[in-house]
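As written, the chain order gives the labels A, B, C and D, with residue 1 at the start of each chain.
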């Protein structure tokens, strides 16, 4: 049976709802707001990636999806997911969240405890021709994240060093509900630190 | 494969979205607002029926789901769906909408054109012991709707004659997306009449 | 200084927010949902009455305004407010909520304790020519509510006995924030009964 | 008469609604989302500044306020407004929106045409002790914006050159409805360029 878009939608709906009900996640929503994405099998472009229209913001101290789930609703996270999937076909779901020096240190230790591959990419090393070419940055960045992880697929990674860009951390997995569970556990641990 | 709650949710999400995008349906949202329900296989109670929390209201002239999809979010429509399913296991989805004398006449002709079984139940004939017993009205009403349809399963029906109760029309089917398509077509035809 | 629409809007915004934050009010939202209205000075028609577009529904167990505050967004409650204001110019704000036999008895006692004038109008006595004439029911009903209160302005009233109409109770006052405070206190007392 | 919080709220509500209804503004909502703020007279801290909880995001291609208007709901824009007000007491309302090299050039010309004072502050010149001290950046930045404008109050300004920070443009004025009108006109002109 071919997996249907409806099943994807129901699965991401459950995952987003789990984050909306997690007050601790509110502290990890970045200035640019979070998105949560789930790609069809073999995604070719952002149009194959389901995401939250308007992203996940914080209202009354709780995470809140601003709009509907739609294919094509995300640009950044959707293109990232497509690039990750090219390198490791098991990964189809992801969420982005905050990053700052204190959090980054804590996340690195958290990943060690969980046995997760963690990676960082330094955008200050991004070549000018990559920056200049439309659409070239994302493949370069995701490539760097895998490279910095010694060729393994990073479970979590972030980029750093870009002028005018807020750094965000990305957590990826095969299924959005699993990723939501991992994100909730992390958010609770961060709140309790 | 057992049908999952996630698939139900994705399917109803699509159906509700279709109605939200149908401006003509706004004119058919009743005072009590509409709900759209989808039951699990062999539903036993309202907890087995997915529905829109807060119902579907009208905002800026367009139908709008007030809250999330949740199992147990509906009382009236969910219990109706459970009763219908007991009599005809093919029916698991339904939406309610407005009723008034002009609309009722039009709907009866519309059902004839579509070849749909149409039924009416007159609540002024409801026995006092049925009214008095908690939870007895819905089985009686749904039984009447089937009875008035000569034992066939009505595709559409409404009740009439109750003091203090707004009459609503119910459209049912096997799948919420099919029901949403039927509802949209009906709403457009009613707007064009 | 002429009172501005902006001041009206800010005042009703505060009042609606107070009800949204009152979980006990959720139990008093009727099937037709509540609205909260605030009329300009000397309102002539519903277009002079500010109200919640899409009414106040219940989501996640809490009252929630479905849409924006807009002049003209209400029909029933706005026309009621215009009629009340014709008879007593001090009254410009009102909210409607549930009614049923148990609640009605309790409300009558509650009004006695508060020293509020309470009134009931029986729509089964509505003359046929009033029913037949477009727009004639509301003046007749409001007139009956004042008449049944011995010519005094009722602080609270409800109608009863109409086929196909859910009975609702109406609480009115001069200012929406005052009415919201009164409604909150009543809802808390009803929850504690 | 002391100006009331309700009047502030009604005025900002109207202003935010105007932007929500302006599709062209959606193209100017930055990654960090926009906020719209309105300060009480003589604001001392962010708690004296009304703002949109959850900011203004983009849903279905239209700007949308994510949550309610609340005092204290904004950090960045509220503190900016307090600092601006210290230097020029006429200014109490402001909205932030996108910035990028193409837009920045266009905005500079737009301000010239309108006769508006325009200013830029380069954060790469921010001293380390300012960066290090909690709460010192905003006074420094706003001071720089006035300084770069030759001591005049800039009607519009943006900052540039910060690592990890998306640059945003700020438009300020005395009244939020006036600012909303100016923002709408600008957004329409940018869409037509």
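One rule holds in what follows: contacts are C-beta pairs under 8 Å (C-beta built on N, C-alpha and C of every residue); 3 or more make two chains touch, one makes a residue touch a chain.
Because the structure is a prediction, the values reported are computed rather than measured.
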Set of chains adjacent to chain A and to chain D: none
Centroid spacing, where centroids are CA-atom means, of chain B and chain D in whole angstrom: 48
Chain B and chain C: spacing of chain centres that average the CA atoms, whole Å: 29
Separation of chain C from chain D, taking each centre as the mean of its C-alpha atoms, in whole Å: 39
Numbers and ranges of chain D residues touching at least 2 other chains: 68
Category of the chain touch graph - line, ring, star, complete, other: ring
Complex interface listing, chain C residues touching chain B: 31-33, 53-55, 57-60, 64, 66-68, 160-167
Contact footprint of chain C on chain D as seen in their complex: 1, 4-11, 13-14, 17, 68-69
